[in-house]
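What follows is a group of structures, each given as structure tokens.
First subunit A sits with subunit B, and in the next complex the same chain sits with subunit C.
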Partner chain A sequence: MILFDLPTNTDVMAGSALKRLLAEYKQLTLNPPEGIIAGPVDEENFFEWEALIMGPEDTCFEGGVFPARLTFPSDYPLSPPKMKFTCDIFHPNIYSDGRVCISILHAPGDDPMGYETSAERWSPVQSVEKILLSVVSMLAEPNDESAANVDAAKTWRDDRKKFLEIAERTVRKSLGI
Partner chain B sequence: MKAVLLTGVSFVLTSIVVGNAYYQKKQFYPSVVYITKSNPSMAMLYIQAFVGVILMGKLMRKIFFGQLRAAEMEHLIERSWYAVTETCLAFTVFRDDFSPRFVALFTLLLFLKCFHWLAEDRVDYMERSPVISVKFHIRVLSLLGLLGMLDLYFINDAYYSTLTKGASVQLVFGFEYAVLLTVVWMTLMKYILHSIDLQNENPWENKAVYLLYTELIIGFIKVVLYIVFMAIMIKVHTFPLFAIRPMYLSLRGFKKALHDVIMSRRAIQNMNTLYPDATAEELQAGDNVCIICREDMLATCKKLPCNHIFHTSCLRSWFQRQQTCPTCRMDVLRMTRAEAAAPQQPPQQQQQPQPQQPQVPQMPQNLFQGFPGMPPMWPNMPQQPQAAPGTSGASSTTTSATAMPSSTAGTSTVGATSTQPTPTTTGTTTVPPIVPPMLPFMMPYGSYAMPRPPRNLAGVSAEELRAMEGQERENVEARLQWLQDIQALLDGAMVLINQYNTVATQTGIAGISAASFPLSQNKSDKKEEMKADSSQNSSQHTNTQGPGLQPTDKTDREDQKLDFSGLEGATGFSPAKEETIPAWEDPHEEEHNDEMHEVRKRRLQKFTQENPSGVKTEHKSQD
Partner chain C sequence: MAEAFNFDPDKNYDEATMEQQRNIEKEISANQALVSFQIDFDTVSADYSKEDETYLGKIQDLKIKYKCVRRTRGDGNCFYRAFGFAYLEQLLTNQVDYARFKEVATRSKDELVSLGFPQFTIEDFHDTFMDVVEKVGTPCTTKELHETFNDQGISDYLVVYLRLLVSGYLQKKADFYQNFIEGGRSVKEFCNQEVEPMGKESDHLQVMALTSALGVAVRVVYMDRGESGQCNHHDFPEESSPSVYLLYRPGHYDILYS
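Showing the complex of A and B:
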């Protein structure tokens, strides 16, 4: 109830970042993409979002539901948000503390890995929805060239069976089984 | 819970220490002496003082901040660790002055630093917080006032102590508090800017600009402070290792601020002067939502050279970060730099397509192949692969350049195309084959009085014209093809005239006079071009001694006569045309050329001064 009251209430005071986040939230609630749920943690603070991502079908993460947290900077959408999985997940492109390492979450200025072209980096055209969809495709197709979690990348490359086992365990864990 | 327990224990122990002293000595003064003499008691009192400071901090936090947010807490802890290590490093430098008073001063400094950071974080939070209460304003203002006063007091203190007692630890404190004072300033400025922003209904466009400049100035002050501090410290004591990290950070911050300011200034200036405002039709054509803020575009919008449209304010704030198109990432600065560089190049260089390449970063290499390779940035370009790139190429580029409705295209195409080859034959003006992108779309209106400008230009913005004319490669090829065709025609005409002359001498009629009439010359050129347009493969005419030319010859006999000198001139330098176009620059043309150049330059200046809408009206008036 508060959710959709808020835009009108805060229109007067909100900065452009807040306005855009509200617009995106509305968009995501009205037509949610498949397998993704996202929204602010509480209505007081629109700069912290919680997202639930379903493991993509026909991959080792199928059936899992992975919670993540998105933290938006105050100059969003000029700077990218940060994304961090709040569950255990063993994946080449996710740091062991849950931080997601994909190029569209990196501002074009800094290049932590030194190989991404600026074409695949953050720009205001990107959105929460696009980020989450990229994360889904990242789950489906790990990129072991640029590993955030080297162990996971190595397992993925050399010992696929073990990787699948671990993935299955994370899926089960994410469902609380 | 643990903290409460520890605090309790510390209080109990302190009261035991004090009680014990008083119990033993019975009187106030002796018991004070007893406590100061006894090391365990003093240790206990120091711990108590530390606990007191923490309690004090909690109280102040309650007063000024209320509950801290998780992010603020995280920041605070992270920064405190750095500060503590730096303080320890500072202790090593000043080990000679080491005393409880010294430790107390450092603790106080750390304590105040924490509050500066918290104030900074809190003010940053203003931007994200949907509702700002009056209480918030009071808290921030009183905190900033208090911190500012304390900083000033300590700076003053350090200054006088240094003056009276010579350089000591006070120097460090003086500089530390001076840096903290800049933090207070910055926070205050941010607070003021955010507050103004909050007062307005719409996001305040200029806020980011002010923020950027504030950051630049404060960054500069900080850098100066650190450098002075470093110099004095090296002179008085030793190398201040503990100041390295903050100094590096402030230097980096300053450099970034400077870079941001310069780049964004450039990009924004470009935006204001070069890019046109989006028209209502253009807004209607798209989905009318600014991709940056996801809101309808009703206010002023700008169109980038890549045809993407955004709010002016959104673009401005994005250009402060990055100078690229948000959608296609075309480098806005690189484009305009190339454009600016182009007119200064001598004609010899302008012939080469390579230097022009950067203008269109996404341009594929195989432009010679013609239209299929055309980048997607020009949507209204007809995508027709042509077998004969010559005349048809020229007409298609010019039609699309002027973007005329198809009904008028037929007639005005000729007019438009004829503008380009004529100067070369008349010899009054020389157009470099690759014209800097600003020029070509002005030429039909300004440089030549003769050809009628295409009428219907309302639908095309100047920007579109320019973007399409930016395809120099095609234009040049087309023009060269035209010139070759004309040359072939002229050769044919020469043969005819020679025949005529021989016949004339035989029959005793006077030869053709060599007077030049540029106007009629132009006319005939135009006709010839029209002919060339109709008969694509005009090179055959020379072989067959131009049966196609015959009708022209008959109908415009007089014209042909008058044309003779001009033709001779044209054929005279025609061999050079095929490879080296600079051969056009013979001394006669130089003068005209300079004149035209002057006019063009002036026009260019005028153009860049005016905003794009002004240019549009200028065009209309020229029409």
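Showing the complex of A and C:
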């Protein structure tokens, strides 16, 4: 039984997503948070962003500059974007292929890692800025409870010296030295 | 016999699960309007098998008290969508309450910002919400409102804003609502996890908060497996005279017309 003639709404939704992404881009350009640069890869496609994240001070990632890609769904901000580092980075909460795994990138229930109940989730009031700030905190404080890279989590927990050495190499590599 | 499960370390199971979830959602949306046309109770009866005397009996009870039903899509947003449509539809013909509501809705943005919500993300949803509120105030027909609520882009933004109003109200009255929240979570955590994200279903608490935040009285009529033969109802707030009627069946809200 057809109760209603359903139009395809992808374009309409992509319209509000585009409006929102433009506003976020403007906001990030006018008031850039410390240590973060982000924006569309090219002006033709606002659904694909590149971000540069500086390793936070007083951590083993200090001095590094880490590039990442953000891919936004057509129903953004109802659904979160995906984020992936495009450089090598050995970290408990980053998969070996670079995908970032933190609670804010997941809506509640959409929960592969079984995050702590208090962890902040995706909701439409979050923003690119909030995600990137969470990623900076994640770099500063790895969470080995819900690990995406089990090897990195084990090293962080059991062999801190080795973890710091790998981090230092990562930092130098990110700078091309 | 089922095939033995071999874990493939290169395969991304999280994404496979999410993909499956999205396909289920697509299937639901292809079969169901966000808000349906008005349908009669005989059509509702067709949801149940002929042997299901408890439910069929209750539908007969509803038939005596109410005219018809509008279904909403079962996507976890049904309470907000049902409430939003039913109330705005009332306002099409109630200028006094419209003026009151418009003022409450206009003011709500600054209240949310003062509670600590980020201004520019709130503005995004508030703008769309107010566009629709404006539209209701210019001569607008039920048909036009119905079309607006079936335009997924706009309709979902309305749902988001109603969710934010609930979140704001719960946080504003956190001392009181903390008593109802289970699992050792704070009101803010509850809002971040159960109220603000799309698709999270609503419980008593959300109904209480939204009706209080907007000053709108709602009657929820419960149709469940209880043996009484009649549908119980509850008014939010208690002892009010409701202007919106919702039908609750376990896990789902639709709109009722008296």
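Throughout what follows, the second predicted complex is superposed on the first by the 157 of 177 C-alpha atoms of A that agree within 3 Å, B and C clash if a C-alpha of one lies under 4 Å from a C-alpha of the other, contacts with A are read in each partner's own complex, and residues count from 1 in each chain.
Basically, contacts are C-beta pairs under 8 Å (C-beta built on N, C-alpha and C of every residue); 3 or more make two chains touch, one makes a residue touch a chain.
Just so we're clear, the structure is a prediction, and the values are computed from it rather than from any experiment.
Trainee: Which of the two partners, first being subunit B and second being subunit C, lies in contact with A:V125: first, second, both, or neither?
Mentor: Both partners, subunit B and subunit C.
Trainee: Would you sort A:F47 into first (subunit B), second (subunit C), both or neither based on which partner it touches?
Mentor: After superposing on A, A:F47 lies in contact with subunit B but is clear of subunit C.
Trainee: Identify the partner contact of A:S137: answer first if only subunit B is touched, second if only subunit C is, both if each is, neither if none is.
Mentor: A:S137 contacts neither subunit B nor subunit C.
Trainee: Kindly classify A:L18 by the partners it touches after superposition: subunit B alone (first), subunit C alone (second), both, or neither?
Mentor: A:L18 sits against subunit B, while subunit C stays out of touch.
Trainee: Going by the contact definition given at the top, which residues of subunit A touch subunit B in one complex and subunit C in the other?
Mentor: 6, 9, 12-13, 15-16, 19-20, 23-24, 27, 75, 77-79, 107-109, 118, 123-125, 127
Trainee: Mind pulling up the subunit B residues that touch subunit A in the complex?
Mentor: 124-125, 127-132, 197-198, 201, 203, 291-295, 314, 317-318, 320-322, 324, 326-327, 329
Trainee: Once bound in the complex, which stretches of subunit A touch subunit C?
Mentor: Within the complex, subunit A contacts subunit C at residues 3-4, 6-7, 9, 12-13, 15-16, 19-20, 23-24, 27, 75, 77-79, 107-110, 112, 117-118, 120-127, 130.
Trainee: What part of subunit C is in contact with subunit A in the complex they form?
Mentor: 13-14, 17-18, 21, 29-30, 32-33, 36-37, 39, 71, 117-118, 120-122, 124-125, 128, 150-154, 156-157, 160, 164, 183-185, 189, 192-194, 196-200
Trainee: Would you mind writing out the residues of subunit A in touch with subunit B in their complex?
Mentor: 6, 9-20, 23-24, 27, 44-47, 72, 74-75, 77-79, 107-109, 118-119, 123-125, 127
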